[in-house]
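Below: a set of structures, written as structure tokens.
Note that chain A is present in both complexes that follow, paired respectively with chain B and with chain C.
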Partner chain A sequence: MSEDTAAVAAPQSTPVAKESSVAALLASPAGRNTGLVVALVLLCLGGVVTAGDRFADVDNVLTILRLAAVIGVVSVGMTFVITGGGIDLSVGAIVALSSVWATTLATQGIANDTHWIVIVFTALLVGGACGLVNGMLIAYGRVVAFIATLASLAAARGLAEIISNRKTQIVNVPGFAAFFDASVLGVPVLVVIFAVVAVAGWVLLNRTTFGRRTFAVGGNPEAARLAGIDVRRHTVLLYALLGLCCGLAAAMLIARTTTGSATHGGLYELDAIAAVVIGGTLLSGGRGTIAGTVFGVLIFTTLSNVFTLNNLSISAQAVAKGAIIVVAVLLQQRLARRSGA
Partner chain B sequence: MQFKRITLLVAASALALTACTGNTPEPQGGGNQSGGVKVANDEPGKKVVIGFSAPAADHGWMAAITNAAKAEATKYSDVELRVVEGTNDVNLQISQVETFINDKVDAIVLLPFDGAALTPVALKAMKAGITVINVDRQFDSPFAARSTVLGDNYGMGVSAGTYVCERLKDKPGSVVAEIAGIDSLPLTQDRSKGFAEALAGCGLKVNNRVAAEFTVESGERAAANLLQAAPKIDALWNHDDDQGVGVTAAIKNSGRSEFFMVGGAGSANVMREIKADNGPHKATVIYPSTQGADGIRLARLAVQGKSLGDLVEVEVPREVQLYAPVVTKDNVDRYLPTAFES
Partner chain C sequence: MTAAALLSVQGLVKRFPGVMALQGVDFDVRAGEVHCLLGQNGAGKSTLIKVLSGAHRPDEGEIRWRGEVVSFGNPTAAMRSGVAAIYQELDLVAGLSVADNVFLGHELSTVGFTRRADARRRTRALLARLGHPEIAPDRDVGRLSVAHQQVVSMARALSLDGQLLIMDEPSAVLDPDEVRVLFGVIRELTAQGVAVVYISHRLAEIREIGDRVTVLKDGRTVATGLPAREVKTSELIGLMTGRVLDNVFPQRKPVDPAAPDVLNVRGLADKKRFRDVDLTVRAGEVVGLAGLVGSGRSEILETIYGARKAAEGTVEVDGRRLRRGSVGVAVRAGMGLCPEERKSQGLLLDQAVYRNITVSSMSSFARFGFLDERAERVRSAQLTETLDVRPAGVDRVVRGLSGGNQQKVVLARWLLRECRVLLLDEPTRGVDVGARSEIYELIRALADSGVAVVVVSSDVEEVLGLADRVLVVREGRVVHDGPADEIDESRVLDLVMEGHSA
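And then the complex of A and B:
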């Protein structure tokens, strides 16, 4: 978890603490991840205690990971946007629109004549284009991100309903579902994709110029501009990247359900933002962690699985989810204050 | 030949007569009367673990589906019901079904948020040897379920239209209005089609039609607009009793009382209104909220290898479509116990 670069690159944060006190360890990104690991382990212990072998079972773990894969890919993209000082409320709607566009009869016709990969490319293209529009509105149109993406949320889902005529579009292209249903060494392809996206996201955020610019833009856009970074162009790229992730998530969801529908991706924006925030990424930007986000996603999906195994209601689960978010944010604020002092 | 057949027939009817009048049970006839089979069906058999999943209970009818299923399961000592509570996220519902498969339950009763989207995982369950009972929203593959329980949307429209015809047959030129549910859904289209076709049978048509969205608030809005648009109405059919709460509110606000109203789905509060005869509702047509409960019963029978009580057939049927009866003041007591609270 050597994400110390996050702290180094963020202009606001203090220089890396030299003393090795417990407080400093907790305040460091590695320390925050330790907290998440502890939370996840506690949750798993809860699962084992209450559900025993039904929880600690390879098939069940794969069930959790498959559930995590779709929302996980969106969350990795969301980490970039939030680290860059933005927010995107339209991700669920973009997933829905991409899934619908990629499963229209026209797209399926082309895919049938050529290759099923056309469906995946269409989803990526639509998602990327939506992200591009969001980014342009925010960076060049100077619309506040919250409002711009709120508008996209309404418009994209509406467009998805128009295109699909509110019907569920079924995929009949051979090979498509078979590819995503397959396993690599016992790991489902969906989970492999999530892992690849997470690793690629980590490298991009922590080991490239693009990542350092993201921290700089999120931490202090004015300083970033004076340092010679094209802040507006970078903002557009961040939203386009998240759009691509949404497109990929749509393709994964199409494979999982063999359908495209305007109802897909309901409230994914909240799930993704929640996972990013409890992972330790600052909502105000400038600090972000992909590993934290992955843990955040796993914590929520494991919670959901433990509740399902124990016959507990979705409503109680929502309350538990809310409590976890509040505790995580309170903890985060304390740590931020301590590292700032 | 002919003569022989007639004598046979006479002999048979004589036999049937004695069978009917005689008090001693006929051993051969008793077999397919299946009164005994029905009792055997309710007797505890092999333990059956059933997983149940339905969409979010954001609507009175949907909440009743899960509640009725739970209540049904507690009636049988040999049924263990595992309920995962409602979700409108297909990704989550799929993982719920995957959990049931991992748990190796005997049967899954599934009301999918989207029939097509849940088909792959239902196929997976069937391949794993689990008896899947599909409720209300159909899968798009016949291999995805052992048996399907359905309501009758077209039949709802027919029942409502036939009732309106009965009451208005002597008044040609009557104005009939309709408040539909979400207009782009196939179920709404089916209901409207049945209604229009039944009305055509007595020379009536839908003069004013508006659509709401199955919510109280949208029902109020649609009804208020409709009452503005139509100064005089003789009969009004509202597709859904949950949105009907809003429709009734709008009617009360307008002070109109020249027409009678027919509800849809069959909520308990509409039935109480029909019974007390103190509101615009004079009838409602049922879309059974006990489909999930019937799914539980079918799942239990199918797993235990029993047949459906009063049928001769030895296997549980592939599809059971429920009837959409008209509830009026005369027969409301019969339906009130199974009505849902909205």
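And then the complex of A and C:
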């Protein structure tokens, strides 16, 4: 519809219509991303101006991307759950639990005896299982998603503390760190993984029946059910998918920090939801964009980088993040209203 | 004449981005009359109501209220002047009490503290004035029947000394006997000098309750002030559609006696709403279910479809028994449902037409889970062209279509699946007269192609005109089953109401 408005407005462009066609373009799916690109470019300009070469440095850019990779993988999964009309507050806790479980002495022992990939599988398995539990509770137990995942948040982090005995577990599996520290054509493996997940996520959401069902279930669950879609099963799959993403993120985090810890993934739920929402995914479900989410993640990560380079405190970063979320949402509503009706 | 007008509207124009919703509306309403607004969906009725009640500002034209030019900035301002609208989707807040809803937005208060006893007392008085003293002011509105919710909406409209009540299709959600009660309320109000602007698709109602009629077409007044009781039906339909309609219902074709049973329902019962339902539909047959709202007819349909779990009984399609309580199984067996609440149950309103059409047949467009969107669009475009969905364009968002065209989209979904059994719940609710006959023809054409069709409708005329066989449902039981041409409207109504305290 927004594209139609743009198409209708453009030909009759008098000086007045010109402005409205710009607004319509900004509100179109491609245009929304343009807005995010502009925001990101401005942020980078800010970085260059204030921090100069320390910002515009290949290593620094790779640092930003490496930091973005972990939360990015979680955010891609979160995009699916939110598009499907749900929410998951337990992602940070799932990352923590997966990281701890995958780095226990027992797991590391098996990994040393066999192959380092055991650590990754364990993280994926734990994450996926947590997501499955969330999904079952929500779809079949009919617990409201907010509450069910709030409970998981508390329980998973608690379990992580019990297993790790509140100690940071250091990883000593040789091949593991080596694999994740490597680069492919100069791009760190972590970043490559993020890119692969993002592309796979885009294809899954926009080109497959699974993605189409996600839009249907999020847009109108009752209509989806009466059209013959198994809404409950699909809901379980969405949370399980997000759980898997959390597991993968945990493995990446273990590699980046060389540790597993019950404190990993702190506030990931907020970062992920914020990235998804400023990316243009509708919090009420039915509309979602992976590209937007990726930009959302990059904007937040670049922001912290610029602030850190300028020796501004974490608290100042938090305030700026909050402001960005508010501005982004206000802007989106404006544009949505213009393109609607 | 204009001197006596309570409200008069001249040259009203309202534009939305890309559309002229109203392009010149003139009419006037006198105190104590019921003024009917008639027009197809998309003719601009809803926009007109919103402009009159202050929800939208007009771009051009003037509204005179008691002779003075006014501009209501918002609905509350309009209500304070005495103009109130009751929308199709009732704007009540479930969870709040009746009294809270009546005074929502203009709470009775003293320095910020609500005067609850006062509100209750005045609510009781308003409800009594509307002839419904039995509704308790403390009840949760969400627990009331739709008819009672409507009464609460009217009480709300009158709570600020309303002089003009605008009602948008109030009868669409009501049973015949509830409509009679509504008409009683309206007569009561007009006798007290209140004016009512009444919008309905049902010409019979307009004749019964209306004084004058104004017809809208494409955002313009094409006739105003026609006498509601004398004007000819053909003239009204001609004005609304711009063409002449003669035969609304399509010709029946006798069902082949050798045609196989496609749908076979035996002893179906749920926990409390209905029991002992037997129903057989043959290929090419249209079976109508008549009954009051709340008689269990919609529940029966949804249970056959597996959207509700049956407590007892069996459902068979082509001789194969379906598992209970699974829509997926029913759809795979060849069933399709066009649900009663098209917007909330039938459609993905913010998604494209083609996605709404292919949602039940995705796997046939997919290879290893990957969708072929081009094939989806092409196939959907063929269907929307056959069904004459207007405006054309499968990438349009469904929300922007009129009721009749939305219904065609839902029908296209099941057409695409080539289903064996089609269940239709109120297929023409909120559909204007022109599109209605198209939908009837479509249903008949489907039946002629061998589909077994079940139609539920509150409109007895529709059931009798469309169906080959009619089942009457009363209080959860089938009380009559016979050919449609052996029973007439009054007999059906008798059966529907029997033992029903009106």
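Quick notes on this structure:
Here is the rule we go by: the second predicted complex is superposed on the first by the 316 of 341 C-alpha atoms of A that agree within 3 Å, B and C clash if a C-alpha of one lies under 4 Å from a C-alpha of the other, contacts with A are read in each partner's own complex, and residues count from 1 in each chain.
Note that in this section contacts are C-beta pairs under 8 Å (C-beta built on N, C-alpha and C of every residue); 3 or more make two chains touch, one makes a residue touch a chain.
All figures in this text were calculated on a predicted structure; none of them were measured in a lab.
Within the superposed three-chain model, A:286 lies in touch with chain C and out of touch with chain B [touch as defined at top].
When the shared chain is aligned, chain C comes close enough to touch A:223, but chain B does not. When both complexes are overlaid on chain A, the residue A:213 reaches chain C alone and has no touch with chain B.
By the touch criterion defined above, A:63 lies against chain B but remains apart from chain C after alignment on the C-alpha atoms of chain A. Counting contacts as defined above, no chain A residue meets chain B in one complex and chain C in the other.
Every residue of chain A that touches chain B in the complex is listed here, in rising order: 54, 57, 59-60, 63-64, 66-67, 70-71, 161, 165-168, 170, 177, 181, 253, 256-259, 261, 263-264, 266-267, 304-305, 308-309, 311-315.
Residues 1, 3-5, 8-9, 20, 207-210, 212-213, 215-216, 219-220, 222-230, 286-287, 338, 341 of chain A are the ones touching chain C in the complex.
Residues 56, 82-92, 94-96, 98-99, 101-103, 113-120, 140, 182, 184-186 of chain B touch chain A in their complex. Put simply, chain C touches chain A in their complex at residues 16-18, 305, 307, 327-328, 330-332, 337, 339, 344-351, 355, 359-360, 362-363, 366, 369-371, 373, 395-397, 400, 413.
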